[in-house]
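Read the structure below first, then the notes.
Letters A, B and C name the chains as they come in the text, with residue numbers starting at 1 for each one.
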Amino acid sequence: MTKDLSRKDRTLGETLRSQGVSRRSFLKFCAATASMMALPPSMIPTIANALEKARRPSVIWLSFQECTGCTESLTRAHTASVESLIFDSISLDYHHTLQAAAGHAAEAAREAAMEENHGKYLVVVDGSIPNGNNGYSTIAGISNYDMLIETAKGAAAIVTVGTCAAFGGIPHAKPNPTGAVSVSDIIKDKPIINVPGCPPIPVVITGVLTHFLTFGTIPDLDNLGRPKTFFGQSIHDRCYRRPFYDKGLFAETFDDEGARQGWCLYKLGCKGPTTYNACATTKWNGGVSFPIEAGHPCIGCSEPNFWDGGGFYKAISIPTENITKTTMYAAAAGVAAGVAIGATGRMKKSAAGKAHQKVTIDDLEK
Amino acid sequence: MTETELLTWARGPGFQIASIIFALGIMLRLGEILMLGRKANLAEAKGSAMSSGLRTVFSRTVPDAATFKRSAFTVTAGYIFHIGLFVVIFLFAPHILFFKDLLHVSWPALPSPVIDATSVITIITLVIVLVHRLRDPVKRFLSNYDDYLGWFVTILPLITGYIAFHRVGMTAPSLIAIHLLSVQLLMVVFPFTKLMHAFTIFLARWYNGAISGYRGVQS
Amino acid sequence: MSASFEKGYNALKEQVDASVASFFSSCVHCGMCSEACLFFTETGAPERTPINKTEPLRRVWRQEYTLLGRLGKIFGFGKKVTDDMLAEWETLIYDSCTLCGRCSMVCPVGNDITDMIRKTREGMAASGHAPPGLIGATKRAVTIGSPMGVKLPALQAQIAHVENDTGMTIPVDVEGADYMLLLSSMEIMNFPEFIEAVAKIFKHAGVSWTISSDAFEATNSGIQIGSSDIAAELVQRIVDAAAKLKVKNVISPECGHAYMAIRWEGPNLIGKSYDFKVVHILELLDDLRKKDRLRVKGRLKDRLTYHDPCQISRRGGVIDEPRNLIGMFADNFVEMPDPGKMNWCCGAGGGVSSNERADEIRLRVFQRKKDQLDAIHVDGMISACSNCRIHLEDGLEEYHMELPVLSLTETLAENLDES
């Protein structure tokens, strides 16, 4: 992020060439991007062309109530990757974790970028926003709430990175002391692309940015504002352990034979069936692995309220509360009620017996 | 309410409420029935009421050949959807986890494609059974809201379960939540409709067998 | 005093017990009982489905003995039992049901539907919705001692007749006899040969027996009309006569519902166990057979079948005995389709034969018996119920069939080796 502001006007193609990226590697990158976004190969020249000509767009990154895990995820790539290429190609004008500037200088950079690129810049948000007592989280004396409102005004679009920004995430979890909310709870008049995950997959973040750079449009989103390209299928449906689920082969504990055999982790509470993300396909750490492959059930981190979903190690089909106890108490109460109501029935029956008037042959007709 | 919240509600308070009404309702109904009592038979017995009663509890599951011939559709369809319901409810791995959590006992599951096929067969059979109920003069004559309500709350969890398994139309948390809610509807309605026969059938068959067996007839 | 809706409703309330509540809770409206009932199979009328005949009792159970029904009643929901409703159900409950018990055998959830129809009749009778024919028979049973109006002199005349023909003595009012024989009016009036046959067999086997002049009538119209009070009164007469003659056993003759009344319902009607045993004549004969006290001459070559009277076999438990006895003298015995406990009713039991209004339908549903008989081509049909016999003969005539209907006791008597 040592990019020289004077190079801001160069196109992406010029930047890449100046860094010694060959045309061949650039096209390979475009092809990889196309396949990642599930676009046909015929789109590769379009992507190349668009990226070639793209001006480095201004990006303002706002970090609110967050743990910096999302940023860590993004910057911890082991090798020079597609994502690093892309990040070398945008003008990250404000990111208070990464930028060298601090204090007023930093805020001045943000304000300058906003003014210069009004209506065109992209806002990236990680972290949730305390809404209620805004004093829970401030930057340079400005509350997160105010900063978001102010920065969002001139934005072309907002990308939320991480579940906190997208859905409230962990700060939003019960009892939610700060009254944390998501970006979409506050901003209603700007296009918002949610890239949830705790943290999100780096490739997914860059993929979304690539889409915006290539087409200048918002990708197809699902009902939770997530790009369908990456969040269109559940972990369960793309999981390499799915055949074990279908065969009924499950790990019962973390150290049993099933666990060693790599069987399905459903019984250990895997949230794969209710979680939409690309972990099972793109994987993590440069495609090395993902949690299920490492032997741990999916915790559903890219879904709203995942922290309050009834326990990471409780299977989805298990009630979150102790219904054994409930059922036993209810059954006991039912027995008592049944005996009581049954007793009134019995009394009614014996009353009918007492009210019985002997039927003689003279009583057979009216 | 987000879909995850809906799912969490269904897995939490939803099941609590449904379990309370289900367990309380079943016991209440059984208490209500048994408290009425039955007079002791003063006639000298020719056979054993107890052994015949127990025998009939099982033997009534299989009709005699002539009865089967006369009611072939009813019996066959009845077998299919009852066995289908049993397989789908009790032999699907996620369901077994539910029962394990509730009862602390577990048993082996069937592969999910088998459950999938069984649920399709069961759904189709239930639809045919409804059509038959609407067309058969006797069944139509006997039927009331109880029969149609019972049918509806039985097929609903099958359909929602099937859709949730295949993720059609909505995302999984919503689909699973809807499935759980449909099961909870079944549980709430259960004790107060003809579905109660799942429990009282044992009493009814026992009484029938006992009445006959006392007179020396195996019913 | 007279019948009233309130009395009927109260009677229905008395009849509901744990078994009835279990049965109604279990019914899934599968309709299989319709296929077990000859009044449905031969007419195709859905309202004649057995379970529908219990509707008055079901409504009382629902509205009086279930939580939801009771709440519904308070708020005006649910179907009520009304006098008009009972009137509407009268022909279903009396004319279209012989209490044969076949529905109770096929119900997949195990409902004893017949028992519930029997209980429903209690409400019908008390509310004045019994058929006039049955009311007449019941009045005669109580006042005269026989539903057919048979008085003691008529019996005495038949006894004298038998004694003259055979030279045997028919014991009457013999104190301390082992067995007291009951007779149905039909046997006295239509089949006096029965008395002769019993006398012959008992002489042959050396059975000590008697007829009581106080209580010789075995039938019980109170059971058929559905009045436990009247039924109990008729049972009590027999109990008193048995006590007076100090007999150890009472024999129920060849009559289905008489056996049901005296053997199974009797002690429950009068509220105490008997001091004597009740045996059906076939049970006694089979017992004699087992003890080798019956010897037959030769064997019949005719193709014979046996019509199980419902109350004796399916509802009474006397199923193997008649077959054992027939086996003594018949070489070519064939079972009808659905024999024994699954046999089809003749169509005239349970008070239907006393109910002239049901004459047409009882002959119509005889088609079932005709179909059964057509399937086996026999030379003779044996039975052990004089009511069945009369109706079987009636039906055979109606359908232009030539087939002798025989009494098992009489046939056995004819084949005894008296040498």
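The rule is short, and it goes like this: a residue touches a chain if its C-beta (ideal position, glycine included) is under 8 Å from a C-beta of that chain, and two chains touch if they have at least 3 such contacts.
Every value quoted in this text rests on a predicted model; they were computed, and no experiment measured them.
Colleague: Using the contact definition from the top, classify how the chains connect: line, ring, star, complete or other.
Modeller: complete
Colleague: Of the chains shown, whose Cα mean is nearest the mean of all protein Cα atoms?
Modeller: Central chain: B.
Colleague: Name the chain pair with more contacting C-beta pairs, choosing from A-C and A-B.
Modeller: Top pair by contacting C-beta pairs is A-B.
Colleague: Starting from the mean Cα coordinates of chain B and chain C, work out the distance between those two points in Å.
Modeller: 38
Colleague: Let me have the rounded angstrom distance from the C-alpha centre of chain A over to the C-alpha centre of chain C, please.
Modeller: Going by mean C-alpha positions, chain A sits 77 Å from chain C.
Colleague: Starting from the mean Cα coordinates of chain A and chain B, work out the distance between those two points in Å.
Modeller: 40
Colleague: In chain A, what residues contact two or more other chains?
Modeller: Only 341, 345, 349 qualify.
Colleague: Give the residues of chain B that touch two or more other chains, as numbers and ranges in rising order.
Modeller: Correct list: 28-29, 32-37.
Colleague: I need the residues of chain C touching at least two other chains; which ones are they?
Modeller: In chain C, residues 16-17, 65, 67 touch at least two other chains, as defined above.
Colleague: Given the complex with chain A, which residues does chain B contribute to the contact?
Modeller: 2-5, 7-8, 11-13, 15-16, 19-37, 93-95, 97-98, 101-104, 108-113, 167, 171-173, 176
Colleague: Touching chain A in the complex: which residues of chain C?
Modeller: 1-4, 7, 10-11, 13-14, 16-17, 64-65, 67, 125-126, 128, 130, 135, 138-139, 142-143, 225, 227-230
Colleague: Which part of chain A faces chain C closely enough to touch in the complex?
Modeller: Where chain A meets chain C, its residues are 341, 345, 348-349, 352-353, 355-366.
Colleague: For the complex, which residues does chain C have touching chain B?
Modeller: Going through chain C, the ones touching chain B are 16-23, 25-32, 34-36, 40-41, 44, 46-47, 49, 51-52, 65-68, 104-112, 115, 263-268, 271-274, 277-278, 313-319, 337-338, 341-342.
Colleague: Once bound in the complex, which stretches of chain A touch chain B?
Modeller: The contact residues of chain A facing chain B are 167, 222-224, 234, 236-237, 245-248, 250, 266-267, 273-276, 303-306, 308-310, 315-321, 323-324, 326-335, 337-339, 341-343, 345-346, 349.
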